[in-house]
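Note sheet for the following structure.
Labels run A, B, C and D following the written order; every chain starts at residue 1.
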Amino acid sequence: MKALIIHAPGDLRVEDVPTPETGPHQLLVKVRCGGICGSDLHYYQHGGFGTVRLQEPMVLGHEVSGVIEAMGAQVTGFAVGQRVAVSPSRPCGQCRYCQQGLQNHCLDMRYYGSAMRMPHVQGAFRQELVAEVAQAHLLADSVSDAEGALAEPLSVALHAVRRAGPLVGKHVLITGCGPIGALLVIAARRAGATHITVTDVAAAPLRSAEKVGADEALNVAQDPQALARYEADKGFFDVLFEASGNERALVGAFGALRPRGIIVQVGLGGEMKLPINMIVAKEFDLRGAFRFHEEFATAVALLNKGLVDVKPLISATLPYRDAGRAFALAADRSQAMKVVLNFD
Amino acid sequence: MKALIIHAPGDLRVEDVPTPETGPHQLLVKVRCGGICGSDLHYYQHGGFGTVRLQEPMVLGHEVSGVIEAMGAQVTGFAVGQRVAVSPSRPCGQCRYCQQGLQNHCLDMRYYGSAMRMPHVQGAFRQELVAEVAQAHLLADSVSDAEGALAEPLSVALHAVRRAGPLVGKHVLITGCGPIGALLVIAARRAGATHITVTDVAAAPLRSAEKVGADEALNVAQDPQALARYEADKGFFDVLFEASGNERALVGAFGALRPRGIIVQVGLGGEMKLPINMIVAKEFDLRGAFRFHEEFATAVALLNKGLVDVKPLISATLPYRDAGRAFALAADRSQAMKVVLNFD
Amino acid sequence: MKALIIHAPGDLRVEDVPTPETGPHQLLVKVRCGGICGSDLHYYQHGGFGTVRLQEPMVLGHEVSGVIEAMGAQVTGFAVGQRVAVSPSRPCGQCRYCQQGLQNHCLDMRYYGSAMRMPHVQGAFRQELVAEVAQAHLLADSVSDAEGALAEPLSVALHAVRRAGPLVGKHVLITGCGPIGALLVIAARRAGATHITVTDVAAAPLRSAEKVGADEALNVAQDPQALARYEADKGFFDVLFEASGNERALVGAFGALRPRGIIVQVGLGGEMKLPINMIVAKEFDLRGAFRFHEEFATAVALLNKGLVDVKPLISATLPYRDAGRAFALAADRSQAMKVVLNFD
Amino acid sequence: MKALIIHAPGDLRVEDVPTPETGPHQLLVKVRCGGICGSDLHYYQHGGFGTVRLQEPMVLGHEVSGVIEAMGAQVTGFAVGQRVAVSPSRPCGQCRYCQQGLQNHCLDMRYYGSAMRMPHVQGAFRQELVAEVAQAHLLADSVSDAEGALAEPLSVALHAVRRAGPLVGKHVLITGCGPIGALLVIAARRAGATHITVTDVAAAPLRSAEKVGADEALNVAQDPQALARYEADKGFFDVLFEASGNERALVGAFGALRPRGIIVQVGLGGEMKLPINMIVAKEFDLRGAFRFHEEFATAVALLNKGLVDVKPLISATLPYRDAGRAFALAADRSQAMKVVLNFD
């Protein structure tokens, strides 16, 4: 079968890889759709991000859906031919964090298409994938393969939302509206936020955020003071989701955030210089949000029941053989939100 | 002007009352719609509930909307002719609970149409009503007067939902689907619950609950064991909203509720005999939910933005002069969910 | 070796049992001290409690300390001759509750000396005990064997305290001051409670509670209205630990508990008739507390560092061959708080 | 009467000020002791801190105790001659934050000896002070005047501890052990922390921290890698209190803090450059802690009951006429922890 293997920055190849054995408790999934994530782009463009660097060829990809082709002898609860979204996350279940219900901090995590450990964990941009039953979640007929591939980034957004605590009746600000920012609009609305403002430095992502329900979309490149109107009485927003990874976005929102405001930092960035005095004086609560665990099942349940609609975020679906074109499109924020690869 | 005054069980009269003075910080509201609440019915049928008993004639009613007729000289932010939902709750702002942000436990609360204190606080089923600005919330043009009157019971449901903590991805059980139970379906869904089962002993309320989005409606009169299917592995539901005030409903749900399950008790009832051993062994968390405070603004915001739809719960709108017929209809669960009085 | 085996109510025998094999990851512990718990007494006096009933002979006991006699080949971090407190709790680690960090709700729990499952889990009142390394916690030289045996009930109290949330500056009421109630005084004080009132119906336990630091000890048999002084302004206490399992104790405290007060129910009891209206109107939060998990390590750490002093609660230490006398003494609240058996 | 007035950096004068009127609900307090705080030092040395700058002469001081000299006609619950600790905090009680129980974020706060607003709020380093009854807290005979003056910084520490959530059984790291760091040792221990490590760059403060109960005191000037031993398995500490205001202290602790670790930032500092990637990947929770509200009553209760001992932190008590010498001593970390002025 074919897989998309990154060898070095810019060097992404379609290559043959052997189909792995399917264990007695595992599923063999014929991959249909795979979404291109920001981290895939970073491997493609820069060979990694932060301290995470490619050290050997690696199959990319971790946002996939497909159809069950075969099952191990011990598997129950699934049937060949069923469509599934596959979570890329395989925690060990044994370490102290797994035993505390914090599987996203597993000491022995295997996460598809990640160069965090050596040897790298091979990814899911491939025609056939072996998965544990715990990774597979059945898709309803009403959910397309491409939507199913979005279960993973939706899980990231849902995890961030859960890190924020209850959102019913809250005023929410989201800085940065790439795919994660836009999915945060959907997730925060689903969680009951009554007011959602988004900011970005580009027009197209802001339009997408409005399409999925933002009350207000502010271009802070055109108007750097756009949030100033929210600074009266020590601030208006209860919760900030920072999804840009940009220091100016984070710090620029502090004045509009009320005392005891909650900041959920989702965007990865390098170092940021923060006015710690303001964090102290306004008693902000800045929380990191990293990946997800039980939120994958929630994402699929919301998709299956039509309680969220991610379709407006799917910009294009391209065949995996056109990966170069697909990655170029995914990198162009003026044209694309989420680009999906088709592995049929 | 006219008002609906309860004198004794069954003795509800349309009588003239004087229009009160509008203070410099107050609004005079021409009442348009008023919803009949279960507590109104209790005053009408039994002269009260629990230890709360009518001791003097009292204007009934606390779920109202109307239009601003006049304003005190110091009022800003409102204009004559604007439509508002009016919160019945007027906490003192000074006592130790108000200063802790727990205004619903105010030591000097004034709540429209309540016989909890003596003299009773006169209610809002009247043609003109004086309200503090903090009680008035502007309605969008898209929200009807009758929907506006439902802001109050929706606030009760939203408060109960907030008492439960985050609901994103949660499995929710609601026992009892009168108006509050049905509004809990709406509120729990808005807060992100992925599965909502409701139970009741009558068919009509169950159908209403389905109309507003319940995934499953179980008639526990017809099948007392209907919840047994959820008892495997110590239970399925994460959260139970008990809205019937019935001991059997509460206790009957314990087996289907997972360990550490949260029970929000909304329904008032008398004494209940509870298996305290199971509360201990499964470490349930049984929380009372009483009235609301900031949730009134949230209710109006959700209505204004079309983020909830309460219209399916409005069974009928009758002129206030037909109060007897309206109360009889409101008391008939086979025919009515929420009955609204028209005060024009 | 010898063990204390309960055959039927009142029929507790010293009998020979074989020493089990020590697996490669296990420890063989020579038991030195074992505390008699209320549940041991229930087996002895009534053959069980609630629905939990003796169905076959069972070694009693789950509060023990001892010295490591031998170790499996794979064990690290321990040495023969070291003294340990042994947790009676052995969760499976695999089920959904273990994977959520809720090991006390394990679907396949093995807990020493418990008839909850069949075959019963044999207990720790024996001369030699095989334990997993995760069950063993090193005791400091400053901690006596008898104090080490109290690590288990102290864990129960600490778990209840953690269920209550932060206690710094809180006013705490504890109803019932048997060993668990008295340990709750110690634990609540350690957690920062500034005011602790205890109630009981007997003088001796109240004196013990004062010895371990209660600010006030009220005999509600002598003065049933003793708590009335705390009912002004809707109540004084922030948190109630109910450790008697008695309905009157629980309900009798409601008036003295402030709105939003937290009730941690520790005492097992049968059914209780509760004024649900008051739970709703005061928005109490009634939480069950059952056993413990990570609190065992905390209990041993607090004992080792001298941050708690449980010595005043140890009424007597008797040889295991005098079990009958020891159990009789343990059952006499006028004479005994915690009775410890010596297995040397 | 005399007061200590700061006119400019280094220009602190003993001057006559008029005794203010005592209103009907107020107390006139003869000040006995006043502790010199880090912010007092900043006004004295630099004329302010951050954006807060002296713009007019201001009486310094906000950590005081004294004796009631006179009372307004409406005051109850106090008597002339009683000794009190006086909270410097006077929130308005009306604004939206006060009504949410967040009085430390009051929009109209008056805090003794603070140049945050103009005109400045005059301070409490004076012989006579008028206070609201809500500011005064009775001291037990066992508590000295100097200890009473420490109620204020102890409140700051208790507030920070409450911001951290429950500490029972937690591993706590405190970076920076000036007076606030040392009081955090006391407060964290009182709240149930089982392990407390402190770090500083100077020997004397570390010794003080040990005196008040730290398990371990690490000099990170001598051994910058002192915390490395705690980095295995993603970190050891559950909670970090950062009390130095130093970027290196904060960032240097990240490796030793476990995933989901809580950081309470107490120390004010300017901007800090933070590795935001690590905050995200380890899902830290960085919370500002600013001043206090209800914790002042808790501080006094803990002092009155002997549940905390702050005496080891009182380095010296000097007459207010020697303010220059006292401030010089307070600024010398090798010699002084808390320096107290005597106003008799």
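In this text, contacts are C-beta pairs under 8 Å (C-beta built on N, C-alpha and C of every residue); 3 or more make two chains touch, one makes a residue touch a chain.
Remember, predicted model here, so these are calculated numbers, not experimental data.
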Labels of chains that are neighbours to subunit A and to subunit B: C, D
Comparison of A-D and C-D (more C-beta pairs in contact): A-D
Centroid distance [mean C-alpha coordinates] between subunit D and subunit A, Å: 42
Approximate Å spacing (C-alpha centroids) for the pair subunit C, subunit D: 39
Residues of subunit A touching at least two other chains: 102
Subunit B partner contacts - residues on subunit D that touch it in the complex: 93-94, 98-103
Of subunit B, residues touching subunit C in the complex: 50, 95-97, 102, 104-105, 107, 163, 233-234, 245, 250, 259-260, 265-277, 279-290
Subunit D residues within the subunit C interface of the complex: 158, 161-162, 165-169, 187, 189-192, 194-195, 215, 294-295, 297-298, 301-302, 305, 307
